[in-house]
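Each of the next two complexes has subunit A plus one other chain: subunit B in the first, subunit C in the second.
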Partner chain A sequence: MLRFVFRRLIAMVLTLWAVSFVAFAIIQLPPGDYLTTYLATLSSNGDRVDPATIEALRQQYGFGEPYIVQYWKWISGILGRGDFGQSFEWKAPVTTLIWGRLGNSILVEGLAVLVMWFIALPIGIYVAVKKYSLGDYLATVAGFIGLAIPNFLLALLLMYLSFVWFGTTIGGLFSSEFENARWSLPRLWDFFSHAWAPILVLATAGTAELIRILRANLLDELKKPYVTTARAKGLPEWKVVLKYPVRVALNPLVSTIGWLLPALVSSSVIVSVVLNLPTAGPLLLRSLTSQDMYLAGAIIMLLGVLTVIGTLISDLLLAWIDPRIRYGSK
Partner chain B sequence: MAVDTVVPAGHVAPAKLKRESQLALMWRRFKRHQLAVVSLWIVVFFYLVAAFAEFLAPTDPSAYSARYTYAPPQGLQFIVATEDGGWAFQPHVNGYKTEVDPKAMRRSFVIDPEVIIPVQFFAPSEPYYLAGFIPMSIKFMGVENPRDPFYVLGADRLGRDMLSRLIHGTRISLSIGLAGVTLSLFFGIVIGGFAGYYGGWFDSSVMRVVEFIRSMPTIPLWLGLAAALPKDWSALQTYFAITIILSLIGWTELARVVRGRFLSLRTEDFVTAAQLDGASDWRIVTRHMVPSFTSHIIAAATLAIPGMILAETALSFLGLGLQPPIVSWGTLLQEAQNIRTLATAPWLLAPGVCVVIVILSLNFFGDGLRDAADPHGR
Partner chain C sequence: MTKPLLSINDMSIVFTSPDEPDIEAVRQVDLTLTPGKTLALVGESGCGKSVTARAVLRLLDKNADIRTGEIVYDGRDGQVDIARLKPDSTAMRSIRGAQISMIFQEPMSSLSPVHTIGNQIDEIIVLHEGLKPKQARERTIALLDQVGVPGARDRANAYPFELSGGLRQRAMIAMALACTPKLLIADEPTTALDVTTQAQILDLLRQLQDDFGMAMLFITHDLGVVAEIADDIAVMYLGDVVEQGDVFEVFKTPKHPYTQALMSSVPQLQRKADRVRLQPIKGTVPSPKDRPVGCSFTSRCPHAFGPCAGTRPERTQVSEGHMARCHLLTHTKEEALV
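What follows is the complex of A and B.
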């Protein structure tokens, strides 16, 4: 097991390195550099620009130096001092801007994963056991529609329906009075009264996919002789299903986090924009449209890092519940 | 892989030995999947709409009219009541009257059933070019007096006809899906093909790259790349740039499919035979291996189109994909971003309905194709 964890950790470090490289490439993409944009903004506002400041900034970010040197300055700043650079638009260090929002992102996405499993598990087991029943067909149709409706469209639809039916707009994660308050019971309640919509929207596509996978896996398992044996020995039906086949069918489900997570992070960006959530998504969009590249790069990188870590956790979980993986990968 | 029929020596050949081509076998198997057949027709319908956009759209998608901002959908009716109490066949739409909402003190349009505006099919119109080069002066439908309002699906913020915009948007959205998949297919076949054929370090490094790209959240990456497009690029340049951006990430799935196929075919006897015959690698790949899995590739490519369409819609919806003078489903949905607008004009969500229908049909069609791709299986 230790050996397996060690191998996965090395792979993760390599992936993280690749993520940082991609994020930096995106920072570098727009024509011109951050300083020219910055100077243009300053002078258009009529601010006087102190040449010493410019020189200091030039030094700090290594503008005009080769790509690899700039990358080194950027990445060593992050690793050494936790410094992601400066956001132009907000005139503040990137780190002060993103942590709170990233926390909200993790919270919403994590809850979405939980909700996904919570819904998919019982339905998946039900449709596999009652194959070709009315419930099975309903779940299949609902699943296909859930897969075909883009998340942001679902968010728009939910927003429209709640406006028409209840006369309220959904959106945001907190009411204004709880925006900056400390976590407390009322704030938690307030959070859930807002967060159900985005969590539900984010969970739909994943739920549909999970039900499909679980159904297929479980159907394969239910045909196997050991199930017949268990039944012949007189185990109650629920125990026959839950005790062995479900546990086996769950394995591939755990490994789905690997591809589920990138999709979830992706769609949460756009759903957050629609529902105006204080997560990393809208900040990323804003920073990209205003070419605030250090902020954008930091967010892209951190979202990537989150995904990679999430995938690692799912890999480790999988190895933990399935000895074949643990011992097979020596 | 045609079916070989072995006729034993001395046996009198049967009167007629029916042999079916691979394509006929596939079609026969595909037909069994009814949902896929229906989906195929829906997809064909949408692509026809895209092809004949200028002919089908009643008006120019950018023609605006300040008088009819957010005019609700008129719908299309065919029966009118005649004066003597009977009815007659007359395609028409109803006119509008304005009402003032006493609470909000806002002017709003209401359909006026009294006013009947006759609609002509194959109506003469201003001359235009179909697909840019066929001169035409007839449209699928139109009203006799061009000054009459004609908004079957309603009007948007600037009083532009939603139906016409939707039809023109179909062209852009569907073609970007095709173009993106074509490009991805090219990368996927070349990269995945060589990885699968040669194996070894090239294969494992390609697969690491594919895994890496697939483990990244795509929307932030796409957004980052799209944001770097210069703002002063022409519509055509942006269109192609977006296509390239989409396929930069889209090739991975196809490369994986191609590689998998190559790996399983590499050890087949006919490949060994070709190698022993001294055929070059290029010839073996293009003449012997690629034809034997074309159908699988087509199915995989079909299943990749919805992703492309969705990605374009999402990017344009966020304002970082195609830019407004271009009409696509994404740019149309951008208008519907705001809840106030949605509440006044829910018909702005019509492009969303199209997106869902097309995505569903393409998925079913692709599934059916994938099952049919192996007509001898099962």
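What follows is the complex of A and C.
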């Protein structure tokens, strides 16, 4: 097991290095750089810019230097000083911009994942055990609706309904007085009174998907002889189902927990914009359109870290629950 | 004769399906099991042996229906008709594993791949005997030792995929015997194993039967295995039990034409010059839906006559404990020749 973890850690470092390289390449890919975008905005406003100033800026940020040199400046700053560079647009260090946002993202989306499993697990088991029952059909229909409705539409719908029914607007994650406060009980309460909507919205499609996969996996497992063996022992049916086929059917799903988190961050961008959530998604979108490369690079890099850590967690979980993998990897 | 432990009388089992006609997989099964004895249930594959065996523990799929007949079990709490119990009822579950247990053909897929064999055996002991997990594990280790698993204490922590086929089947047997059942049902327990292992497992089962004194219903399609392990034999053809009796008597004087055909299709060890050509049974097994109303063997029987296709033959006693269903037994030769 230890060797397994160790090998995974090495693979993780290498992956992250590759991610950083590619991330940096991608944010440099569009023609021009932040300065060209910046100058274009200025001149469209009718301002004139002194070429000397431009040249000074160019020097300071290292624009125009070879890719490798720029990459090296960037990555050594991150590794050496934890310095992700400056955001051109916000005129602030990237680090001060992203931590709060990323924390919010992980919180909201982590909760969405929890809600997803909490709803999908019992329903998925139920519909597989009661195949072709009324409940099964209802869950299937509801599931397809859940999959078919775009998240942002659901978000708009919830906003509309909560306005019409309760006279409140939902949006954001905190009321203004709690925006920058420290965590406390009232702030937690405030958070949940805002966050239920985005959490629900983010969880729907995933829940529907999870139910479908769980149902299919479980239907396969329920047919296996070891289930009959368990019944032949005299166990009650619910115990038979929960201890044996459910356990095996969950294995492939556990491996998806890891990459759920980063997938949710990127898929939640539109919802976050619609619901005005201070999460990382909208920030990434903005930074990409304005070619705010250090900010964009930092977010992409951190998403990469999330992915890799998530995958590691999945692998460890999988090795923990499935002896065939644990022993196969010796 | 001792009181039977379990008798199945005139049982039929029908599989229903929403968009296909019903299949009567088992039409007329009569079996009698006696304590301490082994009954071998033989027949070609697909004739309904497994379905019959599963019916005894009510382990059939939800679309199966025991239409007629009874499964009378004379157990701890007096006589019960298992055919009338609900599959997931407490009454049925207190029989499963504790009084009647079962081992299966495929020891790999019949054990959970993600639980240790110790865990899977402990469970049944904790369930039926209410032992603490620690005590249950001690019992498990003793059982594994008894069924010939070397290094039982360590092997209890092994997963099925870490064991050979033979050891897995031994673990299965240990699990089945964990609560000293009165009846062990073994559904082709050696079919998936190689010949040497097969012989070892048969030896083991025979020896365990002596130790535990349980009755055994042993399903196989291999007459060689029957000769080795069985006291009684029941022959099944296309959902019907056509003959049951003492294994020597049935081997020596089979009464039903299907049993006769089955016996003469087994190769016998003889010098080459003396060998006679084997006589395979002509024709093929029809599917249950093409089965004649009368005797199911009509389409392939060399002696078929008047009443065979239309009337089901009565269960006829040939001698003490030897029964067969064939019109030849109740009609005179003259009638048969008409």
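Miscellaneous remarks
Following the convention adopted for this analysis, the second predicted complex is superposed on the first by the 293 of 330 C-alpha atoms of A that agree within 3 Å, B and C clash if a C-alpha of one lies under 4 Å from a C-alpha of the other, contacts with A are read in each partner's own complex, and residues count from 1 in each chain.
One rule holds for everything that comes next: a residue touches a chain if its C-beta (ideal position, glycine included) is under 8 Å from a C-beta of that chain, and two chains touch if they have at least 3 such contacts.
Note that the coordinates shown come from a computational prediction; the quantities given were computed from them, not determined experimentally.
By the touch criterion defined above, A:Leu317 reaches neither subunit B nor subunit C.
Contact with subunit B, but none with subunit C, is seen for A:Leu303 once the two complexes are overlaid on the shared chain. When both complexes are overlaid on chain A, the residue A:Val19 reaches subunit B alone and has no touch with subunit C. One of subunit B and subunit C touches more residues of subunit A, and that partner is B. Shared-chain residue A:Tyr244: touches subunit C; no touch with subunit B. When the shared chain is aligned, no partner comes close enough to touch A:Ile10: not subunit B, not subunit C. In the overlay built on the shared chain, the residue A:Ala230 is in contact with subunit C alone; subunit B does not reach it. Touching subunit A in their complex are the following residues of subunit C: 54, 57, 59, 88, 93-98, 101-102, 104, 106, 109-116, 123-124, 127-128, 159, 161-162, 172, 175.
Listing the residues of subunit A that touch subunit B in their complex gives 15, 18-19, 22, 26, 29-31, 144-145, 147-150, 152-153, 156-157, 159-160, 163-164, 169, 171, 258-259, 261-263, 265-267, 269-270, 273-274, 284-285, 288-289, 291, 296-297, 299-300, 303-304, 307-308, 311. Within the complex formed with subunit A, the residues of subunit B that make contact are 212, 214-221, 223-225, 227-228, 230, 306, 310, 313-314, 317-320, 333, 336-337, 339, 342-343, 346, 349, 352, 355-356, 359-360, 363-364.
Interface residues of subunit A, counted against subunit C in their complex, comprise 224-226, 228-237, 243-244, 247-248, 251, 321-324, 327.
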